[in-house]
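Chain IDs A, B, C, D, E and F follow the sequence of writing; residue 1 opens each chain.
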Amino acid sequence: MGEFLTGSACFVLAMVALGLVRILRGPADADRIMAPQLLGTGGIAVLLLLAAATGAPAVVDVALSLALLAAFASVAFVLAKGSPAPGKADEP
Amino acid sequence: MSAALILDACLVLLVLAVAVWTIAARETFPAIAGFVSYGLLLAIVWVRLSSVDVALTEAAIGGGATGVLLLGAAARLTDRAGRRPAGIGLRIMAGALCLAITAALAFVILTLPDPAPTLAPQAVAGLPATGVGNPITAVLVAYRGIDTLLEKIVLLLAVIGVWCLTPDDSWGALPAPWGTARQDDAIVLLARLLAPVGVVVGVYIVWVGADDPGGAFQGGTILAAMWLLVMMAGLIAPLPATSRRLRRVLVAGPALFLAVAFAGFAMSGDFLSYPPAYAKWLIKLIEAALTLSIAAMVGVLVIGPAVRKR
Amino acid sequence: MSVFWSRAGCFLGLWIILDGLDVGGFVLGCATALTASRVSLRLLPGQGWRPRPIALALFGLRFLRQSVIAGADIAWRALSPGMPLRPGFVLYPTRLPEGHPRSVFRMLASLLPGSLPAGPEAQGRVPVHLLDTARPALAELADEEARFSHIFGVSQADTRASHG
Amino acid sequence: MTAEQLYGLCGAGLVGLGLFGLITAELPLRRIVAFNLLGGGAFVVFGVIARRGAAAGLGGDPVPQALIITGVVVGFAATALAVTLVRRLHEETGTTKFDQDELPPETVKLSDATLSGGNP
Amino acid sequence: MLQAGGSLLVLALMLPVIGILLIMSLDARHTGKIALALMPAGLAVALAIAARVWTTQAGLEYFIGGWAPPLGVALRADGISAVMLVTTSVVIGAAGLFARAEFRQPDNQPEARAPLMFWLLLLGIWAGLNAVFLGGDLFNLYVALEMLTFAAVPLVCLSGKAETLAAALRYLLFALLGSALYLLGAVLLFGAYGTLDIALLAARIAAQANMASPVWPLALWVALALMTVGLLAKTALFPLHLWLPPAHSGAPAAASAVLSALVVKASFFLIVRLWFGMLPGLTPWLGAQLLAALGAAAILFGSVLALRQARLKLLVAYSTVAQIGYLFFVFPLAANPAASTASAALAWTGGWMQLVSHALAKAAMFMAAGLIAETLGHDRIAGLGGVARVVPITVIAFALAGASLMGLPPSGGFVAKLLLLSAAVSQGLWFWAVVMLLGGLLAGGYLFRVLSPALGPLPAGWTPAARIPRDRQAVALVLALGAVLLGFAPLKSYDLLQFGRPAIAGAVTR
Amino acid sequence: MSLLRDLFTVLMVSAGGFCFLAGTAGLLRFPDALTRLHALTKADNLGLGLIVLGLIAQAPGPLGALKLVAVWLLAQLAGATATQVLARAVRAEGRDSP
């Protein structure tokens, strides 16, 4: 079972890697900021798989922390983008 | 070749690729997006290196604090690199130098002594005297507590340094790190829902740190992240540098740590030693106070100083 | 006050999920749960929320189903060779009161198949990005909204903010 | 090749990349990021050393692991200070670039700096 | 386990920390008072440590928390630590007295930024310095170095002017590069030897070197190279000096004094710890020559640039670049395997004398330069005419400090350079001797550029931009006199520098 | 019983992995930022959910299983917020207009 779970973690990681290539290339900054978002979800999956594969329950706590903070990069980005010209990000 | 090794190889390649992207990207923002991803990947690397405590730290710092800090700066600083990149001669020379250093490092790492020297047995042997079960916590608070104490002073000095960058006419003003734009209600909702959950998780991470991976810094950073989130949502205002309450919270952890350290002289004969009977509870008390201070420090470092009045 | 205690109970539950049942930890867990509940109450006062437990559980299940459909929908579009996409926007006129109900609903809507609230609303109309404009998205959203307002006990006609 | 060696090489590579960025980047913010890469590399190397020291039922030597945590904290504080400095510089001057060339302005030619002094 | 004198070491380390915590938690009105009250206490502790080292003729050592290395962290004080501790508390105390009026919290007004920050950062620097001089553990020293950086960088831009911000940023980037390289080296040493304790490392390295078939310990040399380069960046040795002049000239005078006199020396101190303390008898000859060559280049380059400066503070800062160069002659001269013990000891003493006398002289000089700039409202050398008539004490302080820098007898600088020179001559290393003499001449040149107009007539119709109180001038004068009087110190007292040398490990290893 | 449990895990984790594959395919193929955002959040969150479901069978006890669910819920919350927030950012950059 451990081997299968590790293999799955590897697969998810590879998928994340491919997605990362696409996102980081842009074109817009908003595309790029999806990278931490992608890694958030993918990273949580990888960590949970690893936790189960290696029987290390503490690793779930790492995944928990990542999940808790997963939206931070996006939020920080949007707020920072919005602040030099107030309301800019809010106009439709 | 086992699945684990393939995973490691993938991870290493991915980390290096993201690092190359971060250095090579022409524009600043993509580089920083790459860097935040790099931080998240490192958290997985730490798990693979059996350092779950470090992984937690990296997740909290890389996923929360550093990301907010750098993304905020990158989105605001509109500077672009000049048309003329660093001279090609400099780049070649720097490249050769860095290549040489990498090669030397690689060689050293591959030829490190086998079996590796380790302090693990000694660290484990000392655990009963500290009353904690997580050897890393024992290292941080007992064996090498002085490092942790001085590190808190470093953090405090960083806070002072950041405050020092307040323009004189704004001293005492509220920092407004995220402008005054109308708040996005998705962010507000996230803050309202997540912050209390984050409080529970943060305290939990500190609490388990005594015996399992976790600890004051990891938990404190999560609490700081929640504080930041609530401020980002505009639900509470940041505290000014002149706030006495804030300063006392900043100082509380290091001060208690120092007081216990000096009390060690009287109680068990040595600075920063714990009487075995109370060691466990003293350490937990210190961790609790440090958590609050760390949360405040990390928060203040990310918020930054008040900006110039216009 | 009952809001406070019910939330504290939830947070204590979360603590137990995280830490397990251990005596020393339980005491701290209680203290933490009370703190978290206070934080929560300060950030999100309890008025205007009368969720019905059983309906809520059913809604949760429905939500699960929807997110499975949403994921499968994306998977199908992404993997099918023709890539059937007709992306576009619609303006969805929401009848929910401004404030939390609307925010929560938008959050749930963002997990529905093929739709994604994008951008702030103007005069109560939420721009929603659709993967497939051929779908009856407006009707689906209205349906979800009706269920939502039923379960959380918010009246759709009420235009006054449920809290400030 | 063992996993430790793999990660060791990764750390060495990160150090090289970070150093390169720190030397050649034009914008201070990029240098700060490069410094973080460099620090990350150094910590990975340290982590490998910790992993190699696995003994006494632990997955790694706890002493370096604890020191890495301290190091990460210090690195974060450095990043925060540097970013704040860059932002303040930008606020004051509208740019974050600072003169990379060595001589501060207002030097006099050696021939003018006669030993009789620069009395007007 | 009772460890004699240990509490003194802890106290030296923690006094400034206590100050920081107190200032942060109390009302701002007490800021200056708390800091100034701690300074005599710190001096007393430093003197007590020196006395202890003197009477025991060996190092003090303290295992924190009773945890012996390699698991725990040791604090150690040998002769050079004691000297550095005393020098530090003298200079910090002087800076505190000098800055007392400038950084006073305004009465009956809301708290002001600069005074609060200045005292906190000054105490931070003090804590960092003491931690560097007492640290026996490479990682603990890393934290100490960072304390120093984090306190020094904001001091540079305390005024908040744009050019000082740029200078501070440049300084910070150099310092961070330095710390990262240092840390990397420490990491490799831990990987190879399983400890971060300098004394234990020394023992393990020596044991490895004594083995019948010594493996070329590449890890050791890579680590040493990385750490040395990192520390050189923090010491601002040519060609890594670019950050220093703008940083040191932009800071407030009291801060410049501390930065130039002490902070750059801390990393030099660590290089010495590594090369002499960690590698007793194994100092790489080629490396030592290389360091000295860089030192020589620094002397020449720094002096020539000092000669070209149009502003007084920059001139003084470039003079620091040059004077740092002398320190690095210690490496080939004190670690020369061919040299006699006496000659090596001469060089060792000379190096530390240079450090201490430069610390006092440069602190005096920066204070004097600051006072001159305050009086005139600018610090252009071309506009110094007649300033000696306005602030005579200050100009005398500047001149006395300059005499020590040039190496005029009977100053401390003279003794330092004489010792180094005679060591170089006795070891047949003529080249370094020539550079030292040349450096003295160039120093004479740039100081003359300042003093000649300063002693000239005042321009007609001149009014001072500010009145300078006597006591601030006196502080600079006392420091400058100290630098000169060091030349009169009884020879016997130099022995203090030798306690614990060269095998710092030898004195304290059990 | 153990075999059945393992089979369930294999099935669910494989399905989760497939969702990640689909999400990445969407990221690579979809034409603009907003459609990619759909792919990113919905497919990956479902993938994570399925993996969590599969791992619940392997969890050491009921509390461990609930913890996994908690992780998934938090990830959902983060995903839902990030999608909306990013969708606005995309539109603010003016590349897609309604």
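In this section, a contact is a pair of C-beta atoms (placed from the backbone, for glycine too) under 8 Å apart; a residue touches a chain by one contact, two chains touch by 3 or more.
What you see is a predicted model, and the numbers here were worked out from it, not measured in a lab.
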item: Intersection of the contact lists for chain A and chain C; value: B, F
item: Taking each chain's C-alpha mean as its centre, the one farthest from chain C; value: E
item: Centroid comparison with chain F (C-alpha atoms), farthest chain; value: E
item: Between the pairs B-E and B-F, the one where more C-beta pairs touch; value: B-E
item: Distance from the mean Cα position of chain F to that of chain C, given in whole angstrom; value: 17
item: Whole-Å gap separating chain A and chain B, where each centre is the average of the chain's CA atoms; value: 19
item: Distance from the mean Cα position of chain F to that of chain A, given in whole angstrom; value: 10
item: Centroid spacing, where centroids are CA-atom means, of chain A and chain D in whole angstrom; value: 26
item: Touching two or more other chains - residue numbers and ranges from chain C; value: 14, 18, 106-107, 119-120, 127
item: Per-residue overlap in chain E, given as positions that touch at least 2 other chains; value: 70-71, 139, 143, 146, 150, 153-154, 157, 160, 165, 184, 188, 191, 194
item: Chain A residues counted as touching two or more neighbouring chains; value: 4, 16, 29, 33, 40, 64, 68-71, 75, 77-78, 81-82, 88-90, 92
item: Residue ranges of chain B touching chain D (in the complex, touch as defined); value: 4-5, 8-9, 12, 15-16, 19-20, 22-23, 28, 31-32, 35, 38-39, 42, 45-46, 48-51, 53-54, 57-58, 61, 65-66, 69-70, 73-74, 76-77, 79, 81-82, 85-86, 90-91, 94-95, 97-99, 101-103, 105-106, 109-110, 112, 116-121, 123-124, 135-136, 138-140, 143-144, 147-148, 151, 154-155, 158, 161-162, 165, 215, 217, 298, 301-302, 304-305, 307-308
item: Footprint of chain C on chain F - complex, ascending; value: 18-19, 21-23, 25-26, 29-32, 34-35, 37-39, 41-43, 45-47, 49, 63, 66-67, 70, 76-77, 79-81, 83-84, 87-88, 90-91, 96, 98
item: Chain E-facing residues of chain B, complex; value: 101, 104-105, 107-109, 111-113, 116-119, 122-123, 126, 142-147, 149-151, 153-154, 156-158, 160-161, 163-168, 171-172, 242, 247-248, 250-251, 254-255, 258, 262, 264-265, 268-274
item: Contact footprint of chain A on chain B as seen in their complex; value: 2-4, 6-7, 10-11, 13-14, 17-18, 21, 25, 29-30, 33-34, 36-37, 40-41, 43-44, 47-48, 52, 55-56, 59-60, 63-64, 67-68, 71-76, 78, 178-182, 184, 187, 190, 194, 197-198, 201, 205, 208, 212-214, 218, 222, 225, 229, 232
item: For the chain F and chain B complex, residues of the former touching the latter; value: 74, 77-78, 80-81, 84-85, 88
